[in-house]
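Listed next: structures, encoded as structure tokens.
Each of the two complexes below includes chain A, the first together with chain B, the second together with chain C.
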Partner chain A sequence: MRLLSIELYKIFKRPRTYISFGIVTATALIFQLAMMSGGREFFKFGMQNITEQFDVQGSIINGYLVAYLILQSLLIQIPLLVALVAGDALAGEANMGTLRLVLTKPITRVQLVMIKFIASSVYTVALIVWLAVVALFLSLLIFGAGDMINLKSETFVMLLKDDVMWRYICAFGFACLAMTTIASLSLFLSAFADNSIGPIISTMGIVVVLTILSNLELPLFDAINPYLFTKHMIGWKGFFDNPVPYAAIGKSALVLVVYTVGFLGGTTFYFNKKDINS
Partner chain B sequence: MATIIETRDLSKSFKNVDAVSGLSFSILKGDVYGFLGQNGAGKSTTMRMLLGLIYPNSGQIFINGTEFNNSRRYLLQHIGAIIERPDMYGYLSGWKNLEIFAALSRQQIPAARLHAVLEQVGLKGREKDKVKTYSQGMKQRLGIAIALVHEPDLLILDEPTNGLDPQGIADMRELIVSLSREHGKTVLVSSHLLHEIEQVATRMLVIHKGKKIVEGAVKDLLHPDETLVEVVIMKDATIAGKLAGTQWQQHLQASTDTGLTFKLNSKYIPELSKWLVMNGAGIMEIRTKHSLEDYFLSLTNDEVTKHRTV
Partner chain C sequence: MRRFWLLVLALLFLQGSVYAYDAEQLYYKLRDKVLLVKDYTADVKMKVDITYMRIPMLQGKLYFKAPNKMRMERKGGISILPRKNVNLTLNNLIPNGKVTVIDAGIGTINGKAVRILKVIPEDEASGIVLSKIWIDETAMLALRTETTTQNEGTVIMDLEFGKFLKYSLPDKVTITMDVKEYKLPKGITMDYSEVTPSAAKDEKVKNKKGVIEIHYLSYAVNTGLSDAVFKGEEE
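Up next, the complex of A and B:
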């Protein structure tokens, strides 16, 4: 616990840590501002058929819908923000020169990797919680609650006002797991580098390429598609379906856990053998 | 005296370049052991191996008789170290850095000890400032404080005077000597400067291109019984002839019209110079050729391949 509290202190004392929280806040506020000014006209047109045929309780543009839209728009940004800290965990220490000083102290390398991973995960969860605060609770404060319309490509799902909050709680929980996988990937890449830029950019590169692959419905990629972690990272959306596809969500969660354990195992194995020359 | 560090045939190579090759040495408890070598000689690599930062390709390290790899974590509790630059968390204060590294030493260290060690290295009053505002010398002092805070038995200091001003260098020397003499610590200190080692070390090892060149007591290595004495004289072809049959002839190594080279104990230099003056030699200069630099260069010269142990 002592080592973990030291690690968390180091993370949360760095000004750069708060850049992520600032970006999440700014994105949410911009989105909410846009919805306040022009959202009503936009949705009036887009959802005319729905409102004519269904009795929607409360405003269509409510906090639940706005939060959902914000979450969708942050699909790529959040992994980057997670990589900013997790990618820096080992490589940043190597770059600063503090890694060699830390490793002259009586802690094992396995311990250090585990502490870095747990601390990165705590940061990830804190970021997701903050995202929940600014995207969901602030949107609810501004736009109020109401029935949520989840627009899909060809259909839509209507969720009653009292049936939404638990879905968000589950979705944020799932997002924590997905982003922890990203944190473990960044940490893995961080073990190979002596500078945090490399792991951060590499993490983003991997996420972007695999996301493109996940979305390409080409027969060529059919075989690997079910195993790409990016395919499963968006499993949180399942909580906004009716009925909730628990089996698919469970499978996605399992894949993410396997990837996380794999990345962490790889990090430990490599870092344990690495010569510290930085 | 008991051996605190022993290495046996330690070797490490990086991409087919031998950084350290078959290095064996031992350090006794209470020693200030000088580790001398030019830049790139393999000093830092060896020190990193002693601390478990780098894994040797072959060879063994024993600390207090225990093989290092078997008890790394336990042994590191009793070691304090600075390797190369003392880099710290620049965005945190000196105090916080000290507190963090003290906590990593896995011992309960009271705040009073932190204050004491800051006082000892001369950083009292600046501990609340962020480390990024520190000069290189101050960082070096904080590095020493971090190495000392958990009161280790063994200190491994890699070029500890780097970046220090002359006063800082003198203070560091004094600190190293006092840690050994007054507190019974064993200190392994590296440097590429012979006079630095000469002033603090009791025993020393010279390393060159990863290999041991010489190891022994500093007084034996740097102050041998006989040294080369070069006498520069006014041109006089007869003086060499006058030496025949005198006690000085057996010490004479070389002679020219303007110079004589003797090998003798330096305590005889006044007597020699008196004899030369009495025999009409116009002495221009007398110099001992066994300067530290000459000695170091002669040891690390590529031609010197034979390993010596005193």
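Up next, the complex of A and C:
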């Protein structure tokens, strides 16, 4: 517990940790400003197919919708922000030459990896909670609550105002799980490196490439697509469908847990054998 | 020969007595009755069953003002109504102005004998090409209309009367309409694609009819609704 609090102290003492919180805040504010000024026009474009045949009346641009759009746009950025800290966990120590010193303490290498992972996960959860504050609660404060429209590629979903908040709570919970997988991937890559740039960039590279593969949906990638963790990372969106596809979300959560355990296992296995010179 | 002419005369007389009105009279009588309702405010429940839409049962207030103003209010919520020509009002589906009425015989709707009329409006601007109306002659009520529009396909409206018969207003209206395909690029929506099995997708593509059911719970008729009521937020 003491080691964990030291790790957390190290993470939250660094000014660069707060860059992530700043980026999330700035992105949310920019989105909210954009939605205030031109949200209707933006949404009219997406609703063209619907408004040709139907009159949609009422306040479509509300806090719930704006929060959803912010979450969707942050899909790519949040893994980078998680990697900034998790990718630095082992490699940063190696780079500063403190890793050997840390390992002279009476803790096993497995314990050290686990503590680094838990500390990175705490940071990840804090980031998601902050995202919830600025994306959801601030949007609700600015735009108010209302029925939420979710435009999917082949479906138009409308959720009643009183039926949305629990979905956000579940979605943020799922996002924590997905981002913990990213943290474990970064930590895994961090074990191989002696400076943190490599693991951070590699994490982003992997996420970007796999996200593109997940979205391409070409027959060529059909066999591997269901196993890509990036495909399952967007499982939070399932909570905004009607009915909620619990089985699919459960399967996605399981895949993410398997990946997380796999990356952690790989990290401990490699780190246990690693010859630490710095 | 004299007997023959007597028989012809008797048949003509019988024909006249079977139909209380000729087709044109019947149509105008029905239209006059429908036009008696200048406005109404109704508490409604609305069920939208359109293949690509997943909308829960909507409850709200429906405002109507003749000839074609309509708005649904849901205490800050979003409401969805068919657009313009395919309006939910009977007034809008029964052509106004000069029309040509053709008698299309008799039929039954839910066991009730009805007269069927085909109505062709002369005013092309109305957007209606042809209306087919099933009329309960005794109660002077339209139980079904099938309206072919210029741009919105065919709209079938089934009306069920009960509690509000004294206003000649329906308890339940079922609208069956053609719906256009809905599609957005997956690159924009970034769907969580575990959700839709391919069989369901195929079914969606095939079924292009939409059904909207409106249950009227109460009416306030001809209260003199102001136009301001219809200047609500429109996206």
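Things worth noting here:
Here, the second predicted complex is superposed on the first by the 261 of 278 C-alpha atoms of A that agree within 3 Å, B and C clash if a C-alpha of one lies under 4 Å from a C-alpha of the other, contacts with A are read in each partner's own complex, and residues count from 1 in each chain.
Throughout what follows, contacts are C-beta pairs under 8 Å (C-beta built on N, C-alpha and C of every residue); 3 or more make two chains touch, one makes a residue touch a chain.
Note that this is a predicted model, so its numbers are computed, not measured.
Of the two partner chains placed around the shared chain by superposition, neither chain B nor chain C is touched by A:79. Once the two structures are superposed, chain B and chain C can be ranked by residues of chain A touched, with C on top. Legend: residue contacts after superposition of the two complexes on their common chain; A:63 is shown touching neither chain B nor chain C. Once the two complexes are laid over each other on the shared chain, residue contacts for A:87 go to neither chain B nor chain C.
In the superposition on chain A, contact of A:199 is made with neither chain B nor chain C. Of the two partner chains, chain B is the only one that A:108 touches; chain C does not reach it. In the superposition on chain A, contact of A:215 is made with chain C only, not with chain B. In the overlay built on the shared chain, the residue A:146 is in contact with chain C alone; chain B does not reach it.
Note for the complex: chain A touches chain B at residues 2-3, 6, 9-10, 13-15, 96-98, 100-108, 273, 275-277.
Of all the residues in chain C, the ones that touch chain A in their complex are 52-56, 71-72, 74, 76-84, 86, 152, 179-196, 201, 204, 232-235. Chain A makes touch with chain C in their complex at residues 40, 43-44, 46-47, 49-60, 72, 75, 144, 146-147, 149, 151-161, 163, 215, 217, 231-232, 234-238, 241-242, 245, 248-249, 251-252.
Of all the residues in chain B, the ones that touch chain A in their complex are 48, 51-55, 72-74, 76-77, 79, 81-92, 100-101, 103-106, 143, 146.
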